[in-house]
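Questions regarding the structure given below will be posed in turn.
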Amino acid sequence: MFTAKNKWKSPSYWFYYSYVILIVLFTAGPLLITFILAFNNNEAASFPWQGFTLDWFYSKTPDRMGLFNDPRMISALGVSIKVAVAVTILSILLGVNNAFLFVREKFIGKEFFYMLMLGPLVVPGVVLGTSILSFTHAIANSLDMTFGSGAGTFFRPGFWLVVLGQVSFVATTTTLVITARLRKFDQSLEEAAMDLGSSRAQAILSITLRFLMPAIIGAAIVAFLFSFENFNTTYFLSGTADSTTIPIILYSRLRFGLSPEINAVSVVLMISTGILGLLSTFFQKGDDLSA
Amino acid sequence: MFAKIKKNKGLWLVLTPHLLWIGLLFVLPHIKLFWLSFVDKRSGALTLANYAKFFQSELYRHVFVHTALFAILVTLITLAISFPTAFIVTKVLGKKMKAVVLLAIVLPYWISELIQVFAWMVLLRETGVISYMLQALGITSHNIEFLYKDATIVVGLVYTSILFMIIPIINSLDSLDDSLIEASYDLGGDFWSTMREIIIPHAAPGIVVGSVMVFMLNLGNYVTVTLLGGKNSLWFTENIYNQFIVRFNQNQGAAFGVILLTFSVLLVWVVLKVTGQDMTEAM
Amino acid sequence: MTEIDVSVKNLTKRWGNFTAVNNISFDVPKGSFFSVLGPSASGKTTVLRMIAGFETPTSGDIFINGQRINDVPANKRPCNLVFQRLALFPMMNVIDNVTFGLRRRGGMSKAEMEKKANEVLARVDMKGLNERKINQISGGQQQRVALARSLVLEPTVLLLDEPLSALDLKLRQDMKLELKRLQHRMGTTFMYITHDQTIALAMSDTVAVINFGKLEQVAAPEILYREPATHFVASFVGENNRWNNGKVVELVDDNACLVDVSGILSRARMGEKLKPGDVVDLFIRPEMILLKPGKHEKGNIGKIKEINFDGSHSLVVVDLLESKTPLSINVKLQHTEETPDISVGDTVTLSWGGTKQPAANAFLHIDPPTEEKE
């Protein structure tokens, strides 16, 4: 049916091709238009095309605020990156830890714990966010009551609460990716390292973690992106400016109206997440045993 | 059990962080939420009033049913679009084309949902690109508002969901040996019978996993529905946000959260039971 | 007295109430090629892993160089293991695999390490592929790298866990000979584990046979072959005709007896203490049977049932005509100039069990057989 010879003659092949092109237009088209409009010299963030400009990136005038001169946008970008880095580090540590727990250890209730570990992926982000909010709210209140007001600040909405809230579900993803890789690891490699003179810790560091590295890097990129774009959970847990991430600020701006500055933000995000996304695909490709 | 664990220091070393994470950031918060939903906001007494409010209010019930039906509808449309795509990508396209097309479909998915929604707002709003195009082509003479309609919400949700459906289906179709399709043709099967008896059964796990994920994501969606649907979106998650953020009524919000969670877990459980699929295996 | 490199005393390993290794003791002489032979799941790997330090014995002691090493961790033992599936590090190239142990040991410059690794790689015929990744070299080459990786550390004893089993037949034959030569050249003590008796017999100075975790016999291959100590060794090692339910007619001397199987009398070596009247199983080596065309006075008359030609392994199946119940026997032909010209249906005369070399071994009957030959 699909042999190379009759491919191009078959009418169904043309149908398949048109279908795929339509789908690609559907998925990539809107973003492409957004991308183009970031450079359009038109306040309306729409067509017609009124000439090329970089104003939406660099302009300093108050009526035409360029992204890189918008202090709130820049601050949110910084917060997003800080949050994402913290979430990535914690989620990777947990992911490696959990992988060793589920692959190497035997304990009663292991299957139950594995199912439980998948939970944060299944629960809607709204519910996850509100449940963590109410839980930490109660902790903060009782800390304030016992040790005087201010004692529970760590558990009030803010940077660390956003980080913890995101770790709750991002760590599930990193765990899945790293566990899958560790399952492929031949444990006799670790024994071989010990046989050749390594201590157990050295063997894990030099052989096992090295083997896991493609998965760890891939998972780290995914964790970073998940954190960077999260809205549902973050919305409840962010407080003042130090925890206002890009999605939060974008949401509040979009409710008031569109401006080409957001097109410019989109361009920056498309390029940076695009690169990260490509990298993660690359690392998952390299995720075979030879890596 | 404990005697065993005491001996095994290594187990404690990895079990402790795991328990801290899943316990403090998942289990206890949900217990707290559950508990709150049965507590009266003012008196702190145990009550069923928060649930009663849901079942007595026609508006809340309507919003809930509306959300559930639309989530299902979006799931079905997404499946209808994604299955042919996944099939073509895995079984028709050559290796290079496959990589290119996959990338074109996958990359947008990495970008924040807010940007995706923004892109559609740029297209659909009254002064948006589509409205402009229609006028430029002379089809209409005035601005047309495409936002704030049920259909807009559906388009937006399908858009943000497509990838969560395509990837699991591609994964399951990838493992289908092409020679099985050829064998089916060899034995006299045609396109539809091969589809029905070979390809779809093989892709079933991917279809189920994709549908379950898309359904849950849509049920819990907030950004897409509120931005594209505006005040008319009638999405249940809005009630939860409102109770927590606007009205500071944690208890009512908790009850709504529990209702949403229970419904989604129940529906997913029924789907998995009926189709005989195992979520953990497919993930 | 020969020096002993590895000594194992009353070694036992249990998991729950399952005994994988049952009270085993043996000594491995310095510089020898020592094999542990047994069917799969007999506990061979477990023995080796206890010596290497990856399993803790339930009881018993392990000595290397006279030192008790039970409490020495695996990475400090003066022995190295070549793993069943090699366990080469896939993320490193050839030279990094080989220098791995040296790097752990320290005290050497990088250049010294590489020089040393290159010497050992040359010894195993692996020159010029240092930069290759493990998945870029062939199975036989991987074998050599695994050997080099262990040998470069100059272990007192090299432990090998069926490293040839992953290779195809031809390569396995070549590597078998090469391994033997390598051991000879280096003078390192090899302790080799295998379920393949042809490998064990061909390569070893000494073979320890184990079955169900128990030691059956420790001996040189010829002894194992000619004078099996137990019923199991007789049935597991080498090819044999096995006749069940023979009866001891009389004892010929301290070592031999006369056995009656269905009316056919044979002189057999007694594998264990027997007395007239005992019910025994008789094992007769097919290549120790003398076959003459035609009918003769001395010997047993038979008719050729089939001839399986396989070069030097050609086998003739003969139905014995004088037995009370149908009885057949496999005979291996010696291919010399005098090899008789025979064909199916011919009448022949067979004789075995002369006085010089016992062709037959008798053991008390065991039913059902403990282990099928592979």
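Each chain carries a letter (A, B and C) given by its place in the written order, and its residues are counted from 1.
Please note the rule applied: a residue touches a chain if its C-beta (ideal position, glycine included) is under 8 Å from a C-beta of that chain, and two chains touch if they have at least 3 such contacts.
In this text, all values refer to a predicted model and were calculated from it rather than measured experimentally.
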| item | value |
| --- | --- |
| Chain at the geometric heart of the assembly (C-alpha centres) | A |
| Interface ranked first by C-beta contact pairs | A-B |
| Centroid-based (C-alpha) most distant chain relative to subunit B | C |
| Whole-Å separation of chain centres (CA-atom averages), subunit A against subunit C | 58 |
| CA centroid of subunit B to CA centroid of subunit C, Å | 62 |
| Geometric centre distance via CA averages, subunit B-subunit A, whole Å | 17 |
| Contacting residues of subunit C [partner subunit A, same complex] | 52-54, 73-76, 80-81, 83-85, 87-91, 100-101, 104-105, 133-135, 149-150, 153 |
| Partner subunit A, residues of subunit B touching it in the complex | 1, 4-5, 8, 10-11, 14-15, 17-18, 21-22, 25-30, 32-33, 36, 81, 84-85, 88-89, 91-93, 101, 103-123, 125, 127-129, 132-133, 136, 159, 162-163, 178, 181-182, 185, 216, 219-220, 222-223, 227, 237, 240-241, 244-245, 250, 253-254, 257, 260-261, 264-265, 268, 279-280, 283 |
| Residues of subunit A touching subunit B in the complex | 1-2, 13, 16, 19-20, 23-24, 26-28, 30-31, 33-34, 37, 44-48, 93-94, 97-98, 100-101, 104-105, 107-108, 113-128, 130-138, 164-165, 167-168, 171, 176, 225, 228-229, 231-232, 235-236, 246-247, 250-251, 254-255, 258, 262-263, 265-266, 269-270, 273-274, 276-278, 281 |
| List of subunit A residues in touch with subunit C within their complex | 186, 188-189, 191-199, 202, 207, 210-211, 289-291 |
